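These notes open a run of structures that come right after.
One chain, subunit A, links the two complexes that follow: it is found with subunit B in the first and with subunit C in the second.
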Partner chain A sequence: MMIETLIAVALVGALVTFVAPNKVAGKLAFAISLIPAALSLWMFTAFDGSGNALLDGQLAFESRMEWIQLGEYSISWFVGLDGISLPLVVLTTVLITLAIVSSWTPIDDRQSQFYGLLLFIEANLIGVFAALDFFLWFVFWEAVLIPMYLLIGVWGGPRRKYAAIKFFVYTNVASLVMFVAFISLVFGLGDSVTSFALPEIASAMLEGGPGSFAGIAGSTLAAAVFVAMFLGFAVKVPVVPFHTWLPDAHVEAPTPASVLLAGVLLKMGTYALLRFNFTMFPDQVEAFAIPIAALAVVSVIYGAMLALAQTDLKRIVAYSSVSSMGYVILGLVAYTQFGVGGATFQMVSHGLISGLMFMAVGVIYNATHTRMVTDMSGMADRMPIAVGVLIAGAFGYMGLPLMSGFAAEYFIFFGAFGSEMLEYAPAFTALAMFGIVIVAGYLLFAMQRTLFGPYRLETDYDVGRAPLHDVAPMFVLLALIIALGVAPELIFDMIKDAVDPILALGGGA
Partner chain B sequence: MAPLIELHSWSALAPTLILALTGLVLFVFDSIDPRSTNRSALAGISTAGALASLGVAVWYIVAGVGDPTRRGTFDLFGGQLIVDQMALFFMVVVAVVTAMVSIASYDYFLEHAYQAEYYSLMLLAATGMSTMAAANSLVTVFIALELASLPSFALVAILKTNRGSVEAGLKYFLIGALSSAIFVYGISLVYGATGYMQLEAIAQNLEGAEGFSGLLGLGVVMLIGGFAYKTASVPFHFWAPEAYEGAPAPISAFLSSASKAAGFVIAFRVFATAFPIETMADIGIDWTLAFVILAIVTMTIGNFAAATQENVKRMLAYSSVGHAGYALIGLAGLTGTGSNDVVLGAAMMHLLVYGFMNTGAFLFIALAEYWGVGRTFEDYNGLAKQAPMASAAMTIFMFSLAGIPPFGGFFSKYFLLTGAIDAGLLVVAVALVVNSALSLYYYSRLVKALWIEEPVVERDSLTQPTGLYVAIIFAAVMTVVILPGFGPVADTAIEAAAAVVP
Partner chain C sequence: MATAFEFAPAIALFPLAAFVIALVFGDYMPKKGAFAGIFATAGSLLLSLWVLATVAGGEPYNEQLYQWAIGDQIGFHFGILLDPLSALMLVIVSLIALLVHIFSLGYMNAEGETGLRRYYAELGLFTFSMLAFVFADNLLMAFMFFELVGLCSYLLIGFWFRTESAPSAAKKAFLVTRFGDYFFLVGVVAIAATFGTLSFAGTESFPTAAEAAIDNGETLFGFDAETWVTITGLLVLGGVIGKSAQFPLHTWLPDAMEGPTTVSALIHAATMVAAGVYLVARMFGFYAQSPTALSIIAFVGGFTALFAATMGVVKDDIKQVLAYSTISQYGYMMLGLGVGGYVAGVFHLMNHAFFKALLFLGAGAVIILMHHEQDMWKMGGLKDKAPVAYYTFLSGALALAGIVPFSGFWSKDEVLFDALIVGLEQPLFLAAYAMGLIGVFFTGFYTFRMVFLTFHGEPRTDAARDPHPIGWSVKVPLIVLGVLALVAGVVNLAPIGKLTGAEITFLEFWLDGEYGAIEGLTYHAYHEAVPFAEGYIGTETVTMLVGAGLSLGLALAGAGLAYSLYNVPEPVPHTEKLGSVRTLLRSNYYQDEYQVWLAEGLTLPLARAADRFDQGVIDGVVNGVSSVSLFGSGWIKRIQTGVVTNYAALLVLGFIALLVVLGLHGGWFA
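Here is the complex of A and B:
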C-alpha cells in the first residue's frame, strides 16, 4: 500500500492546494510534498526487492487488484518497484519538493493552481515508474501531459502558447503510435496472454514472440512494433531528429517546470525504452543495434553542437539534455551490465544535475531578468553563491570525478566500449566521448563570458543576492550529486541487480 | 397466473414508462395552470421523472434484468420490444442526460414563455429515445424514431423569436423528413425481401432472401442512411452543426448526447440481430465494410471541420460528428476476426461517457450564453479567472473528449482503438490516431482560451446560476469518477454486447 499512499497523498494534496488561497499555496504544497519525499526515502531504505520487475523478479511494495475485464484480457491496478524504478521514484519526489521551493520567488500569479498542478504531476510521475500494467501505466503516462501543458502555457515565457501546444501534440502523437504498436503486439501474442500485465507480456514475448496478426507475419510484426515503440519513446527522450519540441518547451517553461521536464519527464522516455524495447525485444535490439547506436551518437554530438551555438543560458542547458540523453541510449544499446546499468544511473544523475543547472539559471534570471550570455558579465561578483553552485553543476555535467556525472558517463563508456552485441562498439564509444569535449567547451565558454570578468550589466534595478530559499534546493541537489559521485553503489547495486536478468536474455554479461 | 406475468413483463419497461408518465404529468400541470412560469415546479417534475427513470434502470441492471443467466430478457408484444442489458444500458444514458439537461434548463429558460411545453416535449422525446433502446422490430424502431424526432424539431425551434433557432429547426425538420422517408423505404425493401419486420425473424429468413440480395442490399443501405441521420454521421450529418448551433444550448446537449446514443442503439441492434454478418456475407452484403468507410469518413470530416471553426458551439457540433465516427467503429469492428463483444461494448461505453462529457460541454456553452459572453473562442478568453470552477469542469470535458487521462473518455476511446486493432482494422486504427491528434489541437484551443489568454473585453462579474452549475459539476464529477469505476461499466457493456452479437 506504500505506492498507493504516495500517489494518494500527492493527488489529495493537489486538490487541497488547488482550492487553497494563493498566499499560502507555496508553503502548503511544500509541506505536503515532504510526505511523499520522506516516504519514498523510507521505501529506499526498506527496499526488499530483487531482480527485474518484468522478469520474475521479487517486487517491492507490490500490490495488484483486478480493475477492468476487457473481453479475454484483464486490466489491473498493478504496481511494484524494482531496482530500476525505485531510484526514479525517489528522484521524482525529491525533485518535486525542491522544485516547489524554487518556485517561491518566480511564481507570483495564480499560485494555488501552479502548486496544485505540480503535485498532480508528481502523482502521475510516481505512477509511471511504479505501474506494471500496460493500461495503468498508459493512464499515468498520458496524464502527465495535462499539467505540463498548463504549466508551460499559463506561467511560461513570451512564446508559451506555441511551446505548450507543440509539446502536447508531439508527445501525444508519439504515445498514440506507441499504443497502436503495443496493442497489436498483445493481440499478436494471442492466447498466451490474458492480461495487460507487463511481466506476463514480457514472458510471452521471450517464450516465442508474436504469431501472425492482421496478415502480418510474427517476426515482421515484432520488428515493426519494436520500431514503432522506439519512435514513440524517442520523441519523449528526445532523440535527434525528434527533439525539436524540447528547446521550445524548455525555454518557455517556468524554471520549476523546466526542472521537472529535464529532471523527470525525459526519463519517462528512457525508462520506457528500457522497460519495453530493451527488455521485451532482445532479438530486435540486436538487429537494430547499429542504427540505434548511430542515433545515440548523433544525439550526443548534434545536441552538443546545438548547445554550443546558443546564446541563451536556458537554451544551452536545454540542448545539453539532448546530448546527455544520447549517452543513455548508447548505454542501453550496448547491452552490458555497465552499459544498461550506467544508462539507468545516468537517468538519475542527469535528473539531479540538469535540475540544478535549470535552478541556477533561474536564480540568475530572477535577479537580472535576462538569460542572454551576451548581456551578462561578471555575475560571480554579485551572486557568488548561486554562481558557485552553477559552476559546480557545470562541472558535474562535464563529468568531474567524485560527482555523479563522472560515474554515470564512466559506466556508460566502459560498458559501451566492451559491448559484444553492438558491432563497431569502440568506434561509437569514441565518437560519443568526443561529445564530452564539446560539452566542456560550451559550458566553459558560456561561464567564462557570463560569470567572470568585470561586472557590466546595466539595469535600473538592483541585482542582489538570491534569497536562502532559492539557493537551498540547489545545495540539496549538489549534495546528492556529490554523494552519488563518491558512492555510486548507493543506487548502482540495486540497479545492477535489476539489470542483470535483462542481459541474461541477450546472452551478454 | 397469466395476467401476473403480463404485469411483470410490462414493468420491465418501467424506465421508459416513467419518462412518458412524467411528460403527461407536465401536460396536466400545464392544463391546470396554463402559461405557468413556476420554473421550479416544472424543472423539478421533469428532473425527478428523469432521475426516477435513471434509478429504476440502474436498479434493473444491478438486479440482473436482461442478464440471461439471472432474470433473463423480457420480450414484449411478441418480440416487438425487448428489455435486455443493452436496452437498459441506453435507457440509463438517455435518462441521465435528460436529468442533467432538465436541471440546466431551469436557469437557461429564465424568461421563456413556454415553460411547460418545453419540459413536456423534452420528456416525450426522451420517451422516444428510451423506446428506441428497446425497439426490436423495424416497426417499433420507426415509431420510436419518430416519437423522438418530432418533439426534437419543436425543441430546436423553441426560441420562436430567434431567427437562428427557427432556421435550425426547419433545417433539422427537412433533413429529418427526408431521411425518415429513406429509412421507411429501406424498411419496406427489407420486408419485401424477407417478409418480416421483427429482427430475429428477419435473421431467420435471410437464407430465403438469397434470390433478393439486390433488394435486400438496397434496403440495408437505406437503413444505414436513416441511422446516419439520427447519429449525425456522414452522409446525413449536415443538419448537425446547423441544428446544434441554432438550438438553445441545453437542447444541443440533449440531441448530441441522448439522441445520438439512441440512434446508435437501434443501429447496433438492427445490424447485429437482424443482419448477422456471417449470413449477410454469404449473401454478398458485407455491411461492416460500409461502416468501416463511414467510420473513417465521419471521424475525419468531423474533426477536420471542427479544427477550422471559430465558433465554439459549432466546434462542439463538428466534434460530435467526429465522435459519431468513433462510435461507428463498434459496428465496423463486427468482422468476426476479433472479439465482437469487446468492440461493440467499447462503442457502448463511449456513448455512455460521451453522455457525460459532451452534455457537460454543451451545458458550459449554455452557461456562457446565459452570461452572454459571446460565441467565438476569443470571447471565452480568460473566463477561468472569473469562473474557475466551471472552467475547470470544461477543461475536464475537453481533455476527456480528446481522450486524455485521467478522465473517462480516455478508456472508452482507447478501448475502441483496441477493438479496431483486434478486428484487424489497422486502417481504422490509423485514422483514429490521426484524428485524435487533430482533435487534441482544437479541444486544447478552448482550454487555452479559458486559462491562458487574457480577456479581450472587460466583463462584469459573473453570476453562478445554481441549476446550470449543478448539472455541469455533476457531469464533470462523473467524467472523472467513471475512470476508476470503469470495471462495472465495462462488464455491463461487454455482457450486453455479447448478448446481441453471438
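Here is the complex of A and C:
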C-alpha cells in the first residue's frame, strides 16, 4: 500500500492546501510534500524488486485490484515499481518538495491554489510511473496535463494563454494518437489478452504479436502502432520536430512549473517510450533503428544549435533540454546495457540538472526581473552564492565528470558506440557527441555575458544576495548531482537489473 | 607495516580537503586559506617522495580501488598506477603546487587581493585534479580528471571576473580544450568498445590488447587493427593537442595569461598544459603500435615548436613571451615522444616544469617590482635592484634557451638527438628535426630579448626606477626553482655518459625499470615497439656531438643576437624592421581570427538561421495546423472564451466526469 499512500498523501494534501489561507499555503505544502519525499526515500532503501516490471520481474510495493470489467477486458488498479520506475518516483517527490520551496519568493498570488496544484501534479506523476495497467496509467498521464496547464496559464508570463493552450492541445493530440494506436493493438492481440495490465500485453506482444485487425495484417499493425506510439511520445519528450511547444511553455511558465516540466514531465515521454515501444516491440525497434537514431542525433545537434541562438536564459535551458533528451533516445535505440541503462540514468540526471538550472535562472529573475542575456552583466558580483551554484549546474549540464550528467552521457555514448542493433552506430554516436562542444559553447557564452564582467543592470532598487530558501533547494540538487556522478551505482545498479530483461529479448546484452 | 601505497590516495585527497576547507572556512582563516593549501601540498609532496622511494625500491603498484560503474561486459573503475613515470610526475606536480602556494602569499595576499578564499579553494581543486589525473590507472579516469583540470583552469583564468577580458579568456580556454576533449572522449569510448578495457598497465590493458589485435591481424570496426589503433590514438591525441596547446588548438593559451601569474605558473609548468604530454607518455605503449600516429605527434610537435617560437620574438608583454615559449617547449616534448624518444620527452617535461614555473614566478616577481606593469618596454635595469629575482630568472632563461650546463640544454638536446637519428633513416623526420632545430635559434633570441629588456639597460619608467620590494615568500620559491633549473639536468647526462662511458643516465634507468617498474611500461619495451630505425653520421658519438654542437650554436647565436640588439642602455624595438612579417607575427599568424570566425562568423549565424527556420517553418506548421483544424472551427470558438479559469473548470469537470463514469462502471459506488 506504499504507492497508494504516496498518492493519497499528495491528493489529500492538495485538497487541504487548496482551501488553506494563502499566507500559510507555501509552508503547509512544503510540510506535506516532505511526507511522500521521505516515504519514497525509504522505499528506495527498502526496494526489494528485481527484473523488469513488464517482463515477469519481481515488483516492489505491488498492489493489484480488479476495478472495472469492460467487455472482455478487465481494468485493474495495478501499481508496482521496478528499477526503472523507482528512481523516477524519488526524483518526482524530491523535485516537488524543492519546487515548492523555490516558489516561496516568486509566487505572490493565489498561493493556496498554486501549491495545491503542485501537490496534485505530484500525485499524478507518481501514478504515471507506478501504474501498470494501461487505463490507470492513461488516466494519470492525462491528469498531469491539467495542473500543468493551469500553472502555466494562470501564473505564467505575458503570453501564458498561448503557451498553455499550445502545450495542452499539442500534447493532448499526441496522447490521443498514442491512445488510439494502443487500443487497436490490444484489439489486434485478440484473445491472447484479457486485461489492460501492461505485463500481460507485453508478453502477448512478445509471444506472437497482433493478429490482423480491421483488415490490416498483424505485422503491419504492429509497425503502424509502433510508429504512432513513437510519435505520440515524441511530442512529450520532445523529439525534433515536435518540440516547438516546449520553449514557449518554459518561457511563460513560472519557475517551479519549469522545474517540473523539464525535470519530470519530459521524462514521462522517454519513460513511456522505454515501457511501451522499446519493451514491447523489439523487432520494430530493430527495423526503425536508423530513423530513430537519426532523429536522436538531429535532436541533440539541432536543439543545441537553437540554444546557441537564444538570448533569453530560460529559452537557452529549454532548448538544451531538447538536446539532452536526444541523448536519451540515442541510448534507447542502441539497445545495449549501457545504452538503455544510461538513457534511464540520464532521465534522472537531467531531471536534477535541468531543475537546478531553471531554479538558478529563476533566482536571478527574482532579483533582476529580466532573463535577457543582453540586459545584465556581472551578476556574480551581487549574488555570489546563487551564481556559484548556477556555474556548478552549468558545468553539470556540460557533462563535467564526477557530476551525474557525465555518467549518464558516458554510459549512453559507450552503450551506443558498440551497439549491434544499430547500423553505423559509431558514426551516429560520434555525431551526437559533438553536442558536448556546443553545450559548452552556449552555456559559457551566456555565463560570460550575464555573470561576469563589470556589474551592469538598470534597476531602481538594490540587487542583493538571494534569500536562503531560494538557494537551499539548489544546494540539495547539487549534492544529489555530485553524489550520482561520483557513485552512479547508487541507482545504476537497480536500473541495470530492470533493463537487462529488455535486452535479452533482442538477443543483445 | 603501512606502506606508501596505502597512503597514495591521500596524495590527491589532501588538496581536495584543502579545497573544501578553504571554500567553507577560508574567510575566517589566517591568510584566507593559504595555509590549508600549503599544508596539503606539502603533505602531497612528502607522500609523493615516499612513493618515489618505494617505487625505487622495486615495488610498483597497480590496483583498482573503486568500482564506478559495473556492466556485464566491462566495468569502469578508479584505480592507482604508481610506476616510475607517475611517481616522478607526482613529485613534480606537488612540488610546483607547493611552491606556487607559498609564492601566492607574496603575490596575492600581500597585494591586497579580494576573493582569496575562492583563489585558494580553486588552487586546491586544481592540484587535486592534476594529481588524480597523474596516478590514474585507466583512460576513463584520466579523462575525467583531465576535464576537471580544464574546469579549474577555467575558474582560475577567470579569477578576476569583474574585468571584460578574464572571463572571455577563461571561456576560450575551456571551449578550445573542450573541442579537443570531444575527440578524446570519442577515443575513450572507441577504445573501451573495441578492447573491453581501459587500463594502462597489466595483461588486461588496452595497449596489450591492441598489440595482440595487430599481431593476430584482426579487423576492428571494419578497419584492420593497426589503422583502427591509429584512428583511436589520434582521437585521444585531440585532447592532448587541446590541453598541451599544440597547433592548431594553441590559441587559448596566450589569452590565458589573463589569470593571476601564479596560476599561469601552475598551468604551464605542472598541471593543465603538462597533462596533455603526460598522457602521451602514459599510454606510450599504445602509440608505439602506430607509426602513423607517432609521425603525426612528431610533426605537430616540431611544427609547434618552431611556429610558437617565432611568435615569441615580437611580444612586448613579459607573460606573452613566456606563453609562446610554453607552446613551443611542449612542441619539443611532442617531437621527442613522436620519434620514440620516451626518455627525452619525459626528461624535458620534468626540466620544463622547473624552469617554466621559475620563469613565471620570476615574471610574477617582476610584476610586483614593477607595480603591476607587464610591458617589458617600461622596465629595464631591474638587475641591480632585485638580484634574487634577476639571478634566478637568468637561471631559468639559460635553461629555456638550452645553454650548457643548464637543465634545459640536456633535455632539449636529447629530444633533438632522438629526432636526428630517426631522421637519418626515415628522411621524412628530418623535416620535423629541422623545425625543432631552427626553433632553438628563435628560443635563444626571444628568451634573452626578454632578459635584457627586463633587467638590463637603464630603467625606462618611474616604476622601474623605484621597484616595489619583494618578500621571502616570493624569494624562497624562486631560489629553489633557480637551483633546480641549473642542476636538474644531472639526472640524465646522456652526452657525457656516451663520451666517457660512465653509467650516469639515471632517468633512463629509472624509466627503464632498473629500479622497478611494471612490465611493458618500460623504456625498453617501448623502444622495441616503436617501428623506427635509427641511423648515425659516422658513429653515435659523432652524431651526438654534431647535434649538440648545432643546437648549442644556434641557441648561442640567438642569444648573441639578442645581446647585441637589446643589451644596451636604451634599446629600441628592432623588430619593427621586420615590416609585414612583424605584423604577421604580432597577429599570431591570424590563427585567432579564423577560429573566432568559425565560432562567431559561421556557427552563430548558422544557429540563428536554424532558429528562424524553427520559428518560421516548424512552429509555423504547428500553428497553421492548429488554427485550421481546431481553432478555425466555429464550434470550438464558442467555448474558447479566453478566460483561463473557464478552461480549468472544464478540464477539472471533464476529469471528474471521467472518474465518475469509470467508477460507476466498475461498480465502486454500488
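Operating definition for what follows: the second predicted complex is superposed on the first by the 509 of 509 C-alpha atoms of A that agree within 3 Å, B and C clash if a C-alpha of one lies under 4 Å from a C-alpha of the other, contacts with A are read in each partner's own complex, and residues count from 1 in each chain.
The rule is short, and it goes like this: a residue touches a chain if its C-beta (ideal position, glycine included) is under 8 Å from a C-beta of that chain, and two chains touch if they have at least 3 such contacts.
Only a predicted model underlies this, so the values are computations on that prediction, with no experimental measurement involved.
**Q** Quick one: classify A:M372 as touching subunit B (first), subunit C (second), both or neither.
**A** After superposition on chain A, A:M372 lies in contact with neither partner.
**Q** Of the two partners subunit B and subunit C, which one touches more residues belonging to subunit A?
**A** Ranking subunit B and subunit C by residues of subunit A touched puts C first.
**Q** Looking at the overlay, does A:Q448 come into contact with subunit B only (first), subunit C only (second), both, or neither?
**A** In the superposition, A:Q448 contacts subunit C only.
**Q** If you stack the two complexes on chain A, which partner ends up touching A:I146: first (subunit B), second (subunit C), both, or neither?
**A** A:I146 sits against subunit B and subunit C alike.
**Q** Looking at A:F395, would you say it contacts subunit B, subunit C, both, or neither? Reply first, second, both or neither.
**A** second
**Q** When the two structures are overlaid on chain A, which partner does A:A214 contact: first (subunit B), second (subunit C), both, or neither?
**A** first
**Q** Identify the partner contact of A:N172: answer first if only subunit B is touched, second if only subunit C is, both if each is, neither if none is.
**A** It touches subunit B, and subunit C stays clear.
**Q** Would you sort A:W67 into first (subunit B), second (subunit C), both or neither based on which partner it touches?
**A** After superposing on A, A:W67 lies in contact with both subunit B and subunit C.
**Q** Could you look at A:L34 and tell me whether it touches subunit B, subunit C, both or neither (first, second, both, neither)?
**A** neither
**Q** Looking at A:K161 after the superposition, I want to know if it touches subunit B, subunit C, both of them or none. Which is it: first, second, both, neither?
**A** A:K161 contacts both subunit B and subunit C.
**Q** On subunit A, what residues does subunit B touch that subunit C touches as well?
**A** 67-70, 135, 139, 142-143, 145-146, 149-150, 153-154, 160-161, 164-165, 169
**Q** Of all residues in subunit A, which touch subunit B in the complex?
**A** Within the complex, subunit A contacts subunit B at residues 66-72, 124, 135, 138-140, 142-143, 145-146, 149-150, 153-154, 160-161, 164-165, 168-169, 172-173, 176-177, 179-180, 183-184, 187, 213-215.
**Q** Enumerate the contact residues on subunit B facing subunit A in the complex.
**A** Touching subunit A: residues 338-339, 341-342, 345, 399, 404-406, 410-411, 414-415, 417-418, 421-422, 424, 426, 429-430, 433, 436-437, 440-441, 444, 447-448, 451-452, 483, 486-487, 490-491, 494 of subunit B.
**Q** Across the complex, what residues on subunit C touch subunit A?
**A** 67-73, 76, 140, 143-145, 147-148, 151, 158, 161-164, 166-168, 170-171, 174-175, 178-179, 181-182, 185-186, 189-190, 192-193, 221, 599, 603-604, 606-608, 610-611, 614, 618-619, 622, 626, 630, 642, 644-645, 647-648, 651-652, 655, 658-659, 662, 665-668
**Q** If we count contacts the way the header does, which residues on subunit A are in touch with subunit C in the complex?
**A** Touching subunit C: residues 67-70, 75, 135, 139, 142-143, 145-146, 149-150, 153-154, 160-161, 164-166, 169-170, 241, 244-245, 302, 305-306, 308-310, 337-338, 378, 380-381, 395, 398, 400-402, 406-407, 410-411, 413-414, 417-418, 426, 429-430, 433-434, 436-437, 440-441, 444-445, 447-448, 451-455, 487-489, 492-493, 496, 500, 509 of subunit A.
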